[in-house]
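Accompanying notes for the structure given below.
Per-chain residue numbering starts at 1, and chain names A, B, C and D are given in the order in which the chains are listed.
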Amino acid sequence: MKSVLVIGGGIAGIQSSLDLANRGYHIYLVEREPSIGGHMALLDKTFPTNDCSMCILAPKMNECNAHPNIDILSYSEVMDLSGNAGDFTARVQRKARYINEEKCTGCGDCTAKCPSKVPNEYNGNLDKRKSIFLPYPQAVPRVMTIDREHCIYLTKGKCGNCKKVCNAGAVDYEQKDTFVDLNVAAVIVATGFDMFDPTHMQEYGYGKYANVITAMEYERMICASGPTGGHLETAPDKEHPGKIAFIQCVGSRDLQHNPYCCSVCCMHAIKESILAREHYEDIKPYIFYTDLRAVGKGFEEYAVRGEKEYGIKYIRGRPGQITEDASTKTLTVWYDDTVNRKVKGLEVDMAVLCTSLIPAKGSDKLAAILDIELDEYGLYKSRDELTAPLDTRRPGVFIAGYCQSPKDIPESVAQGSGAAARATEVAGGAYI
Amino acid sequence: MTEFSPRIVAFCCNWCSYVGADLAGTSRLKYPDNIRIMRVMCSGQVFPSYILKALELGADGVLVAGCHIGDCHYVSGNKKAQERVETLLRVMKTLGLDPRRVRLEWISASEGMKFASTVKEFVEEIKELGPNLLGVR
Amino acid sequence: MKQIIKRTKAYYCVECGKCSGSCPVARVNEGFSPRVIVERALSGMKGEIEGDRELWTCLTCEACTTKCPSTVKFSEFIRGMRSSAFNSGYTSRCSQGGLLHSIQRVQSYRDIVQNRLQWISDDLKTSTEGEVLYFTGCLPYFENLFSGFVNPLEIARSTVKILNKAGISPVVSPNERCCGHDLLWTGNVETFQKLARLNIEMIKESGASRIVTSCPECLRTLKLDYADFFEGTDIEIVHISEFISSLIKNNDIKLNRAGIMTYQDPCRLGRHMGIYDAPREVIKSMGELVEMNKNREESSCCGVSAWATCEGNSKLMQIERLIEAKSTGADMLVTSCPKCLIHFRCAVHNQIPVEKEKVDIPVVDLTVAACRALAGE
Amino acid sequence: MKDEPRIGVFVCHCGTNIGGYVDVPSVVEYARTLVGVVHAERNTYTCADDGLTAIKKAIKDHNLNRVIVASCTPRTHAPLFRSAVADAGLNPYLFELVNIREHCSWVHMKEKEAATQKAKDLIRMGVARTALLEPQEEIRISVTPSALVIGGGIAGMTAALSIANQGFKVDIVEKDSEMGGMLRYLNDLYPGGRKASLVMDEFIGKVKNHPKIEVHTSSTIKKVDGYIGNFTVSVQNEKVPLDIKTGIIVVATGADEFKPVNLYGYSGSGNVLTELELEERLKNGSLQKLDSAIFIQCVGSRGEGRSYCSRICCNVAIKNSKLLKQTFPEADINILHNGIHAYGTYEKMYREAQELGVGFRKYSKEKPPEVTVDGERMRVKLYHELMGREIEYTPDIIVLSTPLIPHPENGDLSRMLKVPLGQDGFFLEAHVKLRPVDFATDGIFLCGSARAPADIIESINQGYSAASRAAIPLMNGYVQAEAITAVVDETKCIGCGYCASICPYRAASMNEKTVVAEEVSYITRKSYINPALCKGCGTCAAGCPAGAITPNHFTLPQIMATIKAFQQPGAYIYDRIKA
């Protein structure tokens, strides 16, 4: 059986893996994080149908897990790639998670007894998780990971609670990073994106004002399984906001930061506004946009519905500054309504920064390892951006999803499939 | 006399509501123990007769739970479920059965909380309605 | 106009409106919008821009420029458009009935003999030639005009005192002219160039290799604009706040505690020149610094620039800023620009539109404060 | 019942996750009392190796023919237990997982008694159901190892090449006399500005020279029969009709440019052009001189009647405006728009146009630009919202950016393929998020502008994507149909057609059958559910007025028995009656 290495377990990588596994290829799905699922696992709903993201993603994650042709190597990273198309050797570092994956049943007894609480990055740090943890209930594989930075035993040699309570005997503090060499015919890179940190864009006060949050944090907050159980909470009294401002293009379409358009944020904000209204009828959502780029199938209609049925107020203008009333924590968004030519301050209870989606951290390192090129934005460069978008300069190494160029979920899925087709062509020897 | 403890059957679709119930479990959300969940592939698979049969046999309440409209794993099964339950409710009224004993809810895979609160509310409501007089208890 | 558009990359404008949304003036003046001015230029409406009074309203404070997603150099664009308007016969409105601009223009005559050194008292050591030159700027004239509510020359005295403390006897030249900042920013490029030439000559004659100034506008103008207009000009100039902070760092001077202070970033020093930390270090060494909500890049403006934009809205902006300063609980509002000082003091000099308690906070120049806090004085 | 049930029940402690809140030993004791249960035991972790071994051993030792594991959610662990059961020689569908963790111990953590009772109830219900479980066969349908691609544009050619490169024969059916689709009419392509003809020739060359691809030009589809793996497509060309047998079908029929007759002075001739007409002039070099040009965006889209954004037109206009500006640097070129949708990295192209001096002026939807054509003289009036006044242009050409619109033939094709069209008239995929190039009907795929307006890169991406999806059944040589499907009892079927009308997968269809009664024979309609297409949702069954449809593995008796078991505490006697 021929093997293919898929790097990145987000929706694009999952799609590549399933497409290839379902036609009889063996897949090594390497994921840096403890669970596959990528950013889609963090979303509440998806536009323009408001499908529940986890509901449609989890079956695919489980399918990967249960598939006899797929080996998920989570918490692992690719360190080297030698050889040529059809016969590569990839060296993968399996980071010590201090858990025997074979033995762990994911029961959670250990988590319950772990005394070390740390900010939960999967919930936008809005709540706490333990040092031995499952990122979220639907995580795949369903095995625990010990966070070596924070584990009391690993850092101070004390505690050991998890080991004591684990009836399966899965906790192994002595575990070391290991390396495995994989022989593969082709490689698909689908490492997705990271979120831009708006802290240093002082004008919006992120990190300074309690009620300025990012869209990803909002997404976790509005999600029923998120840290607030789906409640939108504002400082100081955890009331739900009356008015929310969504601010587009924070760090994107910005020659000082990311010049490109992220392609998804306009729709994302519309969706989040609609969700706000579905949760609380009295919320007034405002979307501050530069151009409302509803360019996908059914998107323009979604945008129109957002306005007509959900009362979204679209304001064409990129705000210049947010100020806060220190006592009430309400915010004033200062903006120029570029249609009416009015510079105004809008008082809101919450401001959501739709931050730029930037190349995944470590993309440059991985590009060097794989000997593929980056483009001017730090995304992976296609061999021919017009006619060979999925190919890289290295034959047999393909790219799919956001890491190739900004795109939404269906486009990522399409490319995930497409890269699988290219990998099959190569593995079958038809590479031209 | 012991307090009335309703017996409730739930039909949960495999893709959303069953997972929502799982999530309630994984999140350790406490809810009343009166409910017994039966897994079906789709809420559209629930014959109206299942519901009536359960009542007939003495169930105090029946919960049918599926994916939100638009989210159905099978495109539109839940819409059919909705039509059918509505029809059944009309029948129940005519039969003199309290339609409040049957509840149709959309519970997604991420709504563990909603699952728990739905059960809680439903049990409370059924407690107010009292035991179902059909069937042998 | 096409050249200005090209030079300032105004063609990149996507009308996102972030400039106007950032603009402190647009918030109080409905008629003003940086974006509209750019859009007019891009739509080819040269005449409409030149004839628009709002062209002169811009403070060129760069609140917009620093964050423009399209990197349009708006302040430069405005400067260019003003110069074009000036050449077409339009002029700015000027505070004090044009008096200040007039004073500046007069200084551009080579043959005038100024009497600008009277403030140098016996306790201050200055030289006529030397390595370090203190560029005093318009402080003597400001003293003449505004002594009713502020003593700008105290800044000059404090500066020299501190320089002396560091063992420097600076050159202070009677032939110094206005740096030309205000004229440059109101479109009068020709006179600016005259002033600049005279100053460059003066500096050369003095033999100084380093210049200290207590005025952020002089700093910007000498460092950036002289170099822009006169190829090969590279003047080494530091702002007094940088100078003091380096003295503190090297333990050359020590400052006594002088209370809780909040700090106003002057637009020229902060956004134009990127100097945010030096003045803060000076403050921290003589007291506690409490920041206003809007600080550093987000700092509000003192409301007037180039003596061209004083109007009702300026006062509004000044009062708001003073309220903000007062609400920090600081004992004083420190600034490091003579003009900020003048404008804030002016704002509360006569009638105040709010209760006095709200804005009742002393406004002090950084150099003056530091000089007062000098240990052993 | 074919065989008396011999059920084994394995109750899992899951460490303390179940054992800590449910009295597992008493549950096991109780399970032993249930009729049909011949073995019950408990395990610390049934999912661990020793647990799985215990199941296999018990199947042998006790001759079990059905297995219940009472532990966690079937969603994660059912496959594991199923394969253990299969290892021991049982049909994997004779296994049931009873969820006493997520649905019981974890939600009743402080009520051990109630939780224990609930666990018993759930196991009793499970036993009732399991007793009636039947083996299911996972049927395989053989697949003809070839593909048929409808449409020879860039998307179709990409799909065909990739499928052929993956080793399968491909037939391309193209209605025009030559391939290339929209590429034939384009001048330069974005991004990069390569000549469309170069790209087209490269692709056509590859297609024509590929030994596994056969091209049928001037050919149209007349009829489609069959289902995944086994389609027969009737193709009509000038010469002879042809029946092509194929395993899968790819729809890549593209789209048309909207001709804005009577809008903005467009008449089809003169100097008011569509983007394609401009491309034509640029291509044949007939545009010799230009002082001024105006582009107007969103002509015929994003409004009443045609509500969608056509996605590509802003980028097309930007590309062409750049080209005009490069050719005629002194020309005054303005794009009048209602939002510039240069999404993704096309933003760069937008910036480049700005650098070249192309003007971008926004118009409002309420007051769109006005065009007057007076012989050679044209005037465009733009109401500039911001300035609150009109700007007038006197361009040499006016270019109208009109949307791509669905082919008029889409309707016929959708009926023949039994795949749906969306409201906008484009083909509708199975799921907008996760199945962008699949149809709900298995074996038929979609790519390019037939789905929604797409540019060259997107069409190529989708072409590969469709090729990948299509190659799965082709490479396997079979499709594994859902084991859990619905079956029709023809004797009960009254031929009403309800099932066929609601089946989202078009698995149910009505066949004509001749029924021979005693005296007469007559023709009636009977439902047939194609196991290759059925996904097992059971929606048809629950609505069948005659009760003629049984959803396997969730049959009426199985569910009724479960309901009954719930209401009959104690040792429930399983239901022996089949419906």
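Operating definition for what follows: contacts are C-beta pairs under 8 Å (C-beta built on N, C-alpha and C of every residue); 3 or more make two chains touch, one makes a residue touch a chain.
All values reported here derive from a predicted model rather than from experimental measurement.
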| item | value |
| --- | --- |
| Chain closest to the assembly centre - both centres taken as Cα means | A |
| Computed distance of Cα centres, subunit B from subunit A, in Å | 34 |
| Distance from the mean Cα position of subunit C to that of subunit B, given in whole angstrom | 72 |
| Interchain centroid distance [CA atoms averaged], subunit A/subunit D, Å | 23 |
| Centre-to-centre distance between subunit C and subunit A (centres being mean Cα positions), rounded to whole Å | 46 |
| Of all residues in subunit C, the ones touching two or more other chains | 12, 14-15, 36 |
| Shared interface positions of subunit A, touching two or more other chains | 49, 51, 56, 58, 108, 253, 255, 291, 338, 341 |
| In subunit B, residues with contacts to at least two other chains | 19, 22-23, 26, 73 |
| Pairs of chains found to touch, sorted by chain label | A-B, A-C, A-D, B-D, C-D |
| For the subunit B and subunit D complex, residues of the former touching the latter | 7, 9, 14, 18-19, 21-26, 28-31, 33, 36-42, 44-50, 53-54, 57-59, 73-77, 80-81, 84, 116, 135 |
| Touching residues (chain side subunit D, partner subunit C) in the complex | 340, 350-351, 354-355, 357, 359-362, 384, 386-387, 391 |
| Residues of subunit A defined as touching subunit C within the complex | 201-203, 249, 253-257, 290-291, 316-321, 323-324, 326, 334-338, 341-343, 345 |
| Parts of subunit A lying in touch with subunit B, wherever the complex brings them together | 44, 49-56, 58-59, 108, 137-138, 223-225, 229-230 |
| Contacting residues of subunit C [partner subunit D, same complex] | 11-15, 36, 39-40, 42-43, 45, 48 |
